[in-house]
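Two complexes follow with chain A in common, the first pairing it with chain B and the second with chain C.
Take a look at the complex of A and B:
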């Protein structure tokens, strides 16, 4: 029985840099290649239908171990291509039965892709995360301390004192969260001003272990490559006591794949 | 104690190459949620993937830690590794039950056509290459 193949799409590009894909293997260990139609190309690979067909894919992507392997392999190709030239990353699991389908796609949406590629040209995506420390979120130092001196406390009694402390604690927490939100809004606005385009991802979950900091900003920014260092420095400098800033990337422009008019 | 003013940078910003592998959560939120949507010939149920992203997000910290310790617990987590299989099992049981009911509660020893059919379906499911090497305790 002959091995059946399906076509996995990694990214959309314009004219390919020569030699870029030499020896580059994709999610199924296949040699990655390009099909071109009207000056727009798709970076693709022929992969085993038994592993990357509809049913198999549905199953394998439902398992974190295999999902990770496929996601990393897909990302590796997209990253390699996007580092060398403008590229529109394809969402994971964009699969065609044959090359004809891909050519039809390029013919159909070529103008749109070309426009997006021009917009993405010489730009890259940077990620910025802001982590708020528990102390900042608890509002330490933001609210006045409760008077627990004998004078103030004795008159009130233990129950009232407890309630008063509890209320002060909650007020401080509220203030802490508001402070964190305001801070992340400010940082995002500042960074968006340095970027061509900006978007927000959902905050990731709190880290495990002893670090209980919470992510209060998970932003993605499309930045002119020439200004990447400046952007990164500004992001890092926006950190302050209780709020750590982490810059990730450069990423292929995943978060801006829909172009300027999304 | 973490240093209060620390600002950490991952990767080498501004340069095409990266010095360290990207965080899995960062990759997943991009390859699954972002990237251009192209209607290919093959559709993977996106709702499932969305649910999966959430699940993976919840688990990622634990996964990373588990990896460090050499534990692959998710392969034994029924909700993660054998979701499809248990669905197939459940399907088989239900079909069997329907078959029994349709036969007026008679025992399967007298033919058991529905069970055979179901067996074939479940076998097809099990033989998928994607399952190879995956531990799944029954």
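Take a look at the complex of A and C:
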């Protein structure tokens, strides 16, 4: 019965490529399908309301394992569709009570979606993360090292010497952080120049088991598909000693789903 | 059987959960649906997001399993 299901929205598309969704199952193991209204379609699935209704979701998405499973299953559908045609990914956990709600949405915002789809067409999202090594952040090798040799501090006692060393250390650290910030700004500006649009995500926490590298750039870039390789190569080449660059993707355009005028 | 779609899943290594969550929770078009949960802005998810990242990291860590886990704000 209709009441037992809710509608999960994966993505907005224009006309569906034939056969694309055949055999494709969604977050609840359901067959994914499309509803279309005025040439704009929504990729949806009917899922069990007891598992994916509002209350159930609030609880399950608070569980790391569940959130991961739902996020990956949602992504699998979005990725499959976006690989074949322009698609606007829906934010995770967009749920309607029934198909009528989805149709109303398409009728209401169809023009806006169509504009965004044209903008996203033949483009993809790439992620670029830059990690600064501890040595870079500590400012090792920066110019202004204070003279802390015994000669330079000939008249200084041990306490004074300690303070000078400490100050030199802090000065170097500040310089190191400034250097890292400047570097990430430069890399972002350079990449944004190669991209159609760019945005920044919050830096991710340091990884355990890692070497205390710090993320100084977590950027997302909308790139013409034809220039994706060139873009990736430029990103990789922007790395330097002490700054490691990691390119992720291609992603469906999650970070650019609000269109060109956001 | 759904073996076809499963088998076609890319052979490349699984994408990092943190990168995926950056996108599916903060990205994607926001649609004011009947039951749309704006989960990204809610404390609940902020908290669970931290928990996940912690547990993912703990899983990747070569540290001994007897370790009770990473404390919040451990590394700065």
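The rule is short, and it goes like this: the second predicted complex is superposed on the first by the 248 of 262 C-alpha atoms of A that agree within 3 Å, B and C clash if a C-alpha of one lies under 4 Å from a C-alpha of the other, contacts with A are read in each partner's own complex, and residues count from 1 in each chain.
Everything that follows uses one rule, which is that a residue touches a chain if its C-beta (ideal position, glycine included) is under 8 Å from a C-beta of that chain, and two chains touch if they have at least 3 such contacts.
Predicted model, so just to flag it, every value in this text is computed and none were measured.
Annotation for the three-chain superposition on chain A: chain B and chain C clash. Legend: residue contacts after superposition of the two complexes on their common chain; A:239 is shown touching chain B, with no touch to chain C. With both structures placed on the common chain, the touch criterion links A:71 to chain B and to chain C. After overlaying the two complexes on the shared chain, residue contacts for A:160 are found with neither chain B nor chain C.
Of the two partner chains placed by the overlay, only chain C lies in contact with A:24; chain B stays clear of it. Of the two partners chain B and chain C, more chain A residues are in touch with B. Touch criterion not met for A:181: it reaches neither chain B nor chain C.
By the touch criterion stated above, A:212 is placed in contact with chain C alone, chain B being left untouched. By the touch criterion defined above, A:250 reaches chain B but does not reach chain C. When both complexes are overlaid on chain A, the residue A:84 reaches chain B alone and has no touch with chain C.
Overlap of the chain B and chain C interfaces on chain A: residues 6, 9, 12, 53-54, 57-58, 61-64, 67-68, 71-72, 74-75, 88-97, 101, 105, 109, 116, 127, 201-202, 204-209, 220, 248, 251, 254-255, 257-258. Considering their complex, residues 6, 9, 12, 23-25, 53-54, 57-58, 61-64, 67-68, 71-72, 74-76, 88-98, 101-102, 105, 109, 116, 127, 201-202, 204-209, 212, 218, 220, 248, 251, 254-258 of chain A touch chain C. Within the complex formed with chain B, the residues of chain A that make contact are 6, 9, 12, 48, 50-51, 53-68, 71-72, 74-75, 78-79, 83-84, 88-97, 101, 105, 109, 116, 126-127, 133, 201-202, 204-209, 211, 213, 220, 225, 228-229, 232, 236-237, 239-242, 244-251, 254-255, 257-258.
By the touch criterion stated above, chain B contacts chain A in their complex at residues 2, 4-11, 13-18, 21-38, 40-45, 48-49, 52, 55-63, 65, 72, 74-75, 80-81, 83-84, 128-131, 134. The part of chain C that touches chain A in the complex is made up of residues 2, 4-5, 9, 15-31, 33-37, 39-40, 44-45, 47-48, 51-53, 55-58, 60-63, 70, 75.
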